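Chain naming follows the written order as A, B and C, and within any one chain the residues start at number 1.
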Amino acid sequence: MNRTAKRTALISVLLVALMAGSVLSLRKVEAERGHEATLEEVLYLPSGKMLKRLSLGYSSLLADMYWTRAVQYFGSRHIEKATHYELLYPLLDITTDLDPHIIVVYEYGSVFLSQAPPNGAGQPDRAAALVEKGIRENPEYWRLYFTLGFIHYMDRKDYKAAQQAFEKGSEVPGALPWMKVMAARMAERGRDVNTAIALWTALRDTTHDKDIKQNAIGHLDSIRADLDIMELDRRVNMYHDRTGTYPAKWEDLIRAGLLQGIPTDPHGEPYKLLLNGVVNVENSKQFPYLNEWRYQ
Amino acid sequence: MTSRLSAITLNTFREAVRDRVLYNLVVFVLLLVASAPLFGEISIGMERLIVVNVGLTAISIFGVIISIFIGIGLVSKEIEKRTLYTILARPVRRWEFIAGKYFGLMLTLVVNTALMTLGLFIALFMFAREQSGSNSGLLVAIYFTVLELAMVTAITLLFSSFSTPIFSAIFTFALFVIGTFAADLRNFAALAHGAAKWLVTGVAYLVPNFAALNVIGQVAHDQHIAGRLILFNTFYAVTYACATTLAAILIFERRNLK
Amino acid sequence: MNAIEIKELTKSYPVGFWKKQLRVALKPFNLTVATGETFGFLGPNGAGKTTTLKLLMGIVFPTSGSATILGKHFHDPDIKKRIGFLPEQPYFYDYLSAPELLDYYARLSGMAAADRKARIPQLLERVGLGDVGNKQLRKFSKGMLQRVGIAQAIVHDPEILFLDEPMSGLDPLGRHEVREPIQNLKDAGKTIFFSTHILSDAEALCDRVGVIHKGELRGVGTVNDLRSVGGGKTEVIWEGADALPYVTAHLMESHVTGDLVRATLTSETLDAVLEKLRQQRARLVSVTPLHGTLEEYFLSKTTEPEVAKL
């Protein structure tokens, strides 16, 4: 190899080594800062409004970025089974300040900001404030009233406020008559599992966001399981009343005429019958929202 | 070699100064002074926060702008004006030329930054004397800005070694913007699959990551900056700048000049 | 040891949209220049003169072939301490003053501080720029810039000088201001290699010249040799225009002014023509043998049809 070619090869090797070094150093830097360091700046930003002014007209691009950050933030924390999600509200708040017309953000907040940890940030009041902002900015969008009512009903358990939200929503031109029906039910019954089922079903069927849809399905499955278990408990107790003992397996109940077949949960697994007639699901990990509607 | 290197470095510095680049300091001072009325809008006790935020951000942005404006012409201007011919006819190695230009521009930027730092401390003394805060934190933030400038200068020089000023400016500016959002690029990489994922991750590491060097928010709130962070960031910026400059040298050494 | 030795040096550029075709800027050529010689590289614009100089200076890289300067490979950086270069229509850092520029260049050429301090003021005097003081180069006239150019080429006292069209674009005074230092350097024993398309300069200054046309070296030789190539002609002037038709066939060219005819003819036909004129009772005014000019040689080499491509 002649002299120049040797030199070029040497410099190229050095170049690659240096780039590798830079990648390693960068990873160390990020480990040191914590991978949410860039996100933490949201805590220091004066306000989303100020950011909007600074963004020189590119606010909707910036909104998309913050929205992506919010989803990443929640997603990665959720996998780690975190119990705090302090940055979720600021991220969603800034996103909606930058672009108040991204409806899915309000929907997202109503589910993941509102629900109790570890499945959400457990901040239903803030979630409600967020959606109220959305309603102010998008008054023609009646579904946001649904979103607001959802928060009040599910997590704030303020059935009056929920009913009012559904009432107002039903008055918006183009709203589905179903909104009025829900309002009436809430006025009538307050906390009611069928209303909950209706709300989750509506959310599952109307959302385009796959995380929200998954969440709704999860809730519906858990509610179904709770209802099933309550019914199975009832029949186990009937057996106990008749025979004085608890059934050891489902066949006992079938022979007693209290059951048609082996009961299976919404995931297709048979329910478990434990000592003293306690009924449970086979795999509780598949039902993260179990017990919300049991005997309450 | 050192004599030639230092000659080119100092001449590059001299050129920048005589091009009146240091006048930007006047604008900087005006900006700091103009930020004072903002105090009225925000509650009392925030003067220091405002001055620090405005000052540090301006130091960074001004530095990047100067680096790009001067950097794009560093090599291409000499080729176009043909001043390079009489240089290359001398015992100057091509790599010495590139390195000398780099150090010359860095010297200009360091001097400029030092003067702005002085201005910042004066402004702090005038407007926010009662509020205490970490001055060492400020110096760390400014040091990180210098590291950032070391990377931007290397990038501008790389483009200048083979491209026209307009394209150098566009590419460097584009890289600067991408680099500021490099963390988001990694978010996108996390969402991607397969080949696209590796590609985007690769790009995310290849572009300069300026967010890693930005501690303005923390410093403004007087948070402590770990020594390890300073160390790793130094390694990062130095290795990145060296690699980029080596690439510039490789390209320039091969170039048939017009 | 020869000052400059060029061996099969050639340069082609890829052209066309896909950069597939090659345009040959310089066909392979060989040339030597002896130490102390002043060599003129002649050719019309675009012939390849500047390309040759750029190749020697390392500004562009050859497609193949190489050269040595003072016995060392032409890319050897240390050899550059002993050569000086003045490019065509040079431009210098306009924010510097003349002394600053020379000091910078001298430093790059490896001169020690003390030497620079001593030499630069003298040098500026010598090229007639003694009174420019600290004026920035942006304020210099073209002729002044050219003189700065010469100064920077010789500040480090090189043994060989490469000059690209040193006198182009200058008025007669400017040309004189440039020619004089070149003559002085020649007298001091420096080797000078310069390119030009002004033949009178070449004739006046050069020991040897080479003619280049369309990238090809067409001929090399001493000025005298090349002049005599076009020689063997005679100029005859006579009174008696009516005799012209009788001799026109033998003449290369003729001009008639009134009754006076001035004609050029080859030496071989001289006797025949003179006899004819005598028969026609023309009155001879003068018979003068002509030497060839460099211009004739140059034209003959630059207007030849190109060798047909195979």
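Please note the rule applied: contacts are C-beta pairs under 8 Å (C-beta built on N, C-alpha and C of every residue); 3 or more make two chains touch, one makes a residue touch a chain.
These figures come from a predicted structure and were not determined experimentally.
Q: Relative to the centroid of every protein C-alpha atom displayed, which chain's own C-alpha centroid is closest?
A: Of the chains present, the most centrally placed is B.
Q: As a test of understanding: of all chains, whose mean C-alpha position lies farthest from that of chain B?
A: Chain centre farthest from chain B's centre: C.
Q: Hey, how far is the Cα centre of chain A from the one of chain B, in Å?
A: Distance between chain centres, rounded to whole Å: 42 Å.
Q: Any idea how many Å lie between the Cα centroids of chain B and chain C?
A: Their C-alpha centroids are separated by 48 Å.
Q: So the centre of each chain is just the mean of its C-alpha atoms; given that, what is the distance between chain A and chain C in Å?
A: 84
Q: Using the touch definition from the top, list the residues of chain B that touch chain C in their complex.
A: 3-4, 7-8, 11, 14-15, 18-19, 81-93, 254, 256-257
Q: Note which residues of chain B are touching chain A in the complex, please.
A: Residues of chain B touching chain A: 42, 181, 183-184, 187-188, 190-191, 205-206, 209, 211-212, 217-218, 220-221, 226, 228-229, 232-233, 235-236, 239-240, 242-243, 246-247, 249-250.
Q: Can you check the complex and tell me which residues of chain C touch chain B?
A: For chain C paired with chain B, touching residues are 54, 57-61, 77-78, 80-81, 83-87, 90-93, 95-96, 104-105, 107-110, 149, 152-153, 162.
Q: For chain A, which residues count as touching chain B in their complex?
A: Those in contact with chain B are residues 8, 11-12, 14-15, 18-19, 21-23, 25-26, 28-30, 32-33, 38, 40-41, 44, 46, 65, 68-69, 72.
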